[in-house]
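Chains here go by letter, A, B, C, D and E, matching the order in which they are written, and residues are numbered from 1 within each.
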Amino acid sequence: MSRIEVLREDVSLDAPTLIEGLPGVGLVGKLATDHLSEALDMCHYANVHCDGLPPVAMYGGGDPDLSTPVRLYADTERDLLALRSDVPVSPSAAIEFGGCLEGWYDEDRVTPIYLSGIGREREEGAASDLFGVGTGGASDRLADTGIAPPPESGLVSGPTGALLSRAVRTGTTATCLIVEASPRFPDPEASARLIEDGVAPLTGVDVPVTDLREHAAEIRQAKRRLAERMQAADETSSQARPLGMYQ
Amino acid sequence: MSRIEVLREDVSLDAPTLIEGLPGVGLVGKLATDHLSEALDMCHYANVHCDGLPPVAMYGGGDPDLSTPVRLYADTERDLLALRSDVPVSPSAAIEFGGCLEGWYDEDRVTPIYLSGIGREREEGAASDLFGVGTGGASDRLADTGIAPPPESGLVSGPTGALLSRAVRTGTTATCLIVEASPRFPDPEASARLIEDGVAPLTGVDVPVTDLREHAAEIRQAKRRLAERMQAADETSSQARPLGMYQ
Amino acid sequence: MSRIEVLREDVSLDAPTLIEGLPGVGLVGKLATDHLSEALDMCHYANVHCDGLPPVAMYGGGDPDLSTPVRLYADTERDLLALRSDVPVSPSAAIEFGGCLEGWYDEDRVTPIYLSGIGREREEGAASDLFGVGTGGASDRLADTGIAPPPESGLVSGPTGALLSRAVRTGTTATCLIVEASPRFPDPEASARLIEDGVAPLTGVDVPVTDLREHAAEIRQAKRRLAERMQAADETSSQARPLGMYQ
Amino acid sequence: MSRIEVLREDVSLDAPTLIEGLPGVGLVGKLATDHLSEALDMCHYANVHCDGLPPVAMYGGGDPDLSTPVRLYADTERDLLALRSDVPVSPSAAIEFGGCLEGWYDEDRVTPIYLSGIGREREEGAASDLFGVGTGGASDRLADTGIAPPPESGLVSGPTGALLSRAVRTGTTATCLIVEASPRFPDPEASARLIEDGVAPLTGVDVPVTDLREHAAEIRQAKRRLAERMQAADETSSQARPLGMYQ
Amino acid sequence: MSRIEVLREDVSLDAPTLIEGLPGVGLVGKLATDHLSEALDMCHYANVHCDGLPPVAMYGGGDPDLSTPVRLYADTERDLLALRSDVPVSPSAAIEFGGCLEGWYDEDRVTPIYLSGIGREREEGAASDLFGVGTGGASDRLADTGIAPPPESGLVSGPTGALLSRAVRTGTTATCLIVEASPRFPDPEASARLIEDGVAPLTGVDVPVTDLREHAAEIRQAKRRLAERMQAADETSSQARPLGMYQ
């Protein structure tokens, strides 16, 4: 049975925003949520037990206690949740997770912000373009913060696409930030852009991203394998694609 | 659960004709419904939620609101519906969709016109042959408008074949227009022929197709990838094939 | 739901014989039933709706009305039914069909004659050997008409094998004619032999087969692709094989 | 529904021994049961209808009556049953068959002797080693007849392994004779050894095996293809393997 | 139905410790439990019948009685159980087994110690690093015995990972020892380290491991094939992997 197991009953959240960071193009979502959790010193708030996720156990460096490979981290002060995953997530497991989350929403009224890359090579040093789309009234919030929709039509696929597809179906509110990112390498710069110009204005939470920018080369190297794996495993990799490219 | 979610309760239709445009040989159906929707300025009328469709979310260029990849567009004045898809559709998802549509028919009495290509290379500038077949009394309407059946026996397969097979099984009325089209490239000329000499006489709706003809080279280029993909993925590509060819 | 949909309530049959012609080695069954239907001017009697058959729609040359790819044809005067298929049939779909047919038997008491090739190359102009096997008392009828069993042990597989296996299991009467046929090409001569010395004496129906013999080269060419396809797709191709060959 | 269909109600058996002969390494079991059935002139006693077996029909040379590809033969005088198969049997179909047999046991109390080869090349003319293992008290009977267990630990796999695994699980009595046999060719000599020094002492039934030895070369040639097929299709081939080899 | 079949009702255990030895990286768990069972002369205590395990039967050298390929061995004096397997175990079969074990726990209160290798080549003669992780309060016991967690984050996968993932989900106590081991060969030295510095301090049971060290070359050779097989079949091979490596 799928469920969200809260580990910290002492942590109280009031209508929090959930930042989703499942693996995908440029690893932008994963890099962003990993960075947010560490920069804001978020606590390990819940384990996610979901049918369809790989049956593995995760251990943190220097910590003897095992946990699940997909977890929620919380910042009670800023009313933030971050969804972090150490394994690839299939679209069907994502939909399952979406169901869990929703049952759990009722009490906590969580508003999700999904993060996706759109594969596009760019010049060294050029800034990534950032776009926003959504459903269930999310467009107002995007307009307020000046985040424009992509100029070309497109599709969001992978686990993030599955979660968004579920939100469209159920009519719930969900925002998706889409940032141009390298289709071949981990892209910490794109991830920094996502936080600075997307997550920050939408949530009102300021997070320094100098680390992500300064250690870009290092991070690119360290996360290279996961990025390659994600590139190969199309289905479990979240991404936005313009219809022009697809068709 | 599969269902058709009407987005525009203000749009009223009276026994409309549905033009189906699922991806297939020469992309003739997709090009035709995309063109019809734009040329007639049809409104985005309904989202199609169907088990078996890829779990992805779609965004239109410049529009922040997400929708489903398979959608219905409506023209209330001409009592027309167009079925547009931005993803490949498997025969089983098509049958599922057929069931949804039928539950929904009862109130609105929709009469479908299916569009299929039959792969055949032709000389530069030569016109495509156009044929019509159907079930549940559709042949009378075809005879009235002078659209002849194909001279050779054949099969319609792919999602359109599945929808027709369902119509044969349930005994409902369905017309299928079959146009000769390039088996290898998007074929805007064949699509123009389909509209001009098939959809127009059957529905009494006049739609200029000069655009499709004038921008043929451009469209062929833009939709090349989807056409290639459709060629490879036999099952999700609608097409008619003469039994001679098949056997 | 699988069912046999009778299209001609005006056609009455009295304990008819069913000639089965599913695709298999040398296409002998398909060629025989196609020939019988045309030579005897049999009418399109019923559509076969069977879960497991490919979801496609079939049109006859010059006829605008769609039908199913597997159909029954009838000759009321001679009390004959012919099962014709324009698609490959999997063993499980054949078993499903067998169940339908049986529910329908009760009223009409149909006695089936199954047709199978046994792959064997022969000299140009040499006659094919013809054998008969059966279950549920069919051997008496075979003995009466002088059709001997094969000298060597063997297996009948593919959709015809599945139908026979079902007959063995349920204890119903079924005859299977086995003719030596080319394992690589459509074999109209073997099919002619099947009709002349098998179907004719068993049913008392005389059918000229000169056409099959005279247009052999042409038919071989026209049906070449289906024969190749059948050769590749072992499971959906009916055939008899001596155990010696198999083992 | 799986069941054992007795064809000869006139044959009465009193707590018979069942000799199993499913295809496997060296085809030792199949050669042995084929030989026993013919040498003892056993009658075709029952057809085995089992979900999971290939849906094919079998005919014997010169006999027009179809039967199942897996059958039981009986010798009422010696209270023997032989299980013969003309098709590969998957482990899951074997387990299904085991269930059928057991329901049927209750009345007839059948004691099974399973036959397996253990692949090992040997010198021309050298005798095969023969071993015995079992469950549910079978070891006493083996000890009484002087058939020793294999010196090395090992596993029995394939359909015979599945039947033995079922016997271990249900605690029923079952003996398994394991003979060294060629891993690459049909091995009539090993099969003769199995009958002479295994089946004979365990059942008290004397069967001349000169035929198997004298026609060894011929049999090897005739059954070559099935042996090759069995070698390739690991799962449906019964065999014993020492753990040393496996590990 | 999955169940643990106790063979020795005379053996009584009081809240025993279970040492798990499913095949994995370096075969460290299997080598350790095989060694423990033999060195402590543990008795064959129970057969494990589990849906999902290969349907094969196992025989011990010189012993005519068949058993299951996955078995429990017991030492009543030291209150120890060892889980030994002669076949690869899939994660889903492992989860099934975990369920069986738990139903059976209630009476016997078994505390499991899982064993896993973490693939890392090391210098000839260099000692393997040993780490410990756990869930449900296991960390206290690890801290007491001075076994530190791995310095880097990581995942445990394969059947052992599935069992640990189940323990995390159900909140039961489970310890996992992780030892550096050869990713390519059986690693008896790593296995000796696991027993000496992991199993011994945790259980208070002293087991000489000189044999494992002295016959290392021999064991490496004998178990080479299983190790290769495990390396290829990623899913059924238990292992820990640092996230750095994985990502």
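The rule is short, and it goes like this: contacts are C-beta pairs under 8 Å (C-beta built on N, C-alpha and C of every residue); 3 or more make two chains touch, one makes a residue touch a chain.
Model, not experiment: these values are computed from the prediction.
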Chain B to chain C, fewest steps along touching chains: 1
Turn needed to bring chain C onto chain D - CA fit, degrees, nearest 5: 70
Where chain A and chain C are represented by their mean Cα positions, the distance between them in whole Å: 59
Whole-Å separation of chain centres (CA-atom averages), chain D against chain E: 36
Chain contact topology (line, ring, star, complete or other): ring
Touch list for chain B against partner chain C, complex: 91-92, 95, 132-135, 138-139, 142-143, 148-157, 161-162, 164-169, 174, 176, 240, 243-247
Contact footprint of chain B on chain C as seen in their complex: 5, 47, 49, 54-69, 86-87, 222-223, 225-226
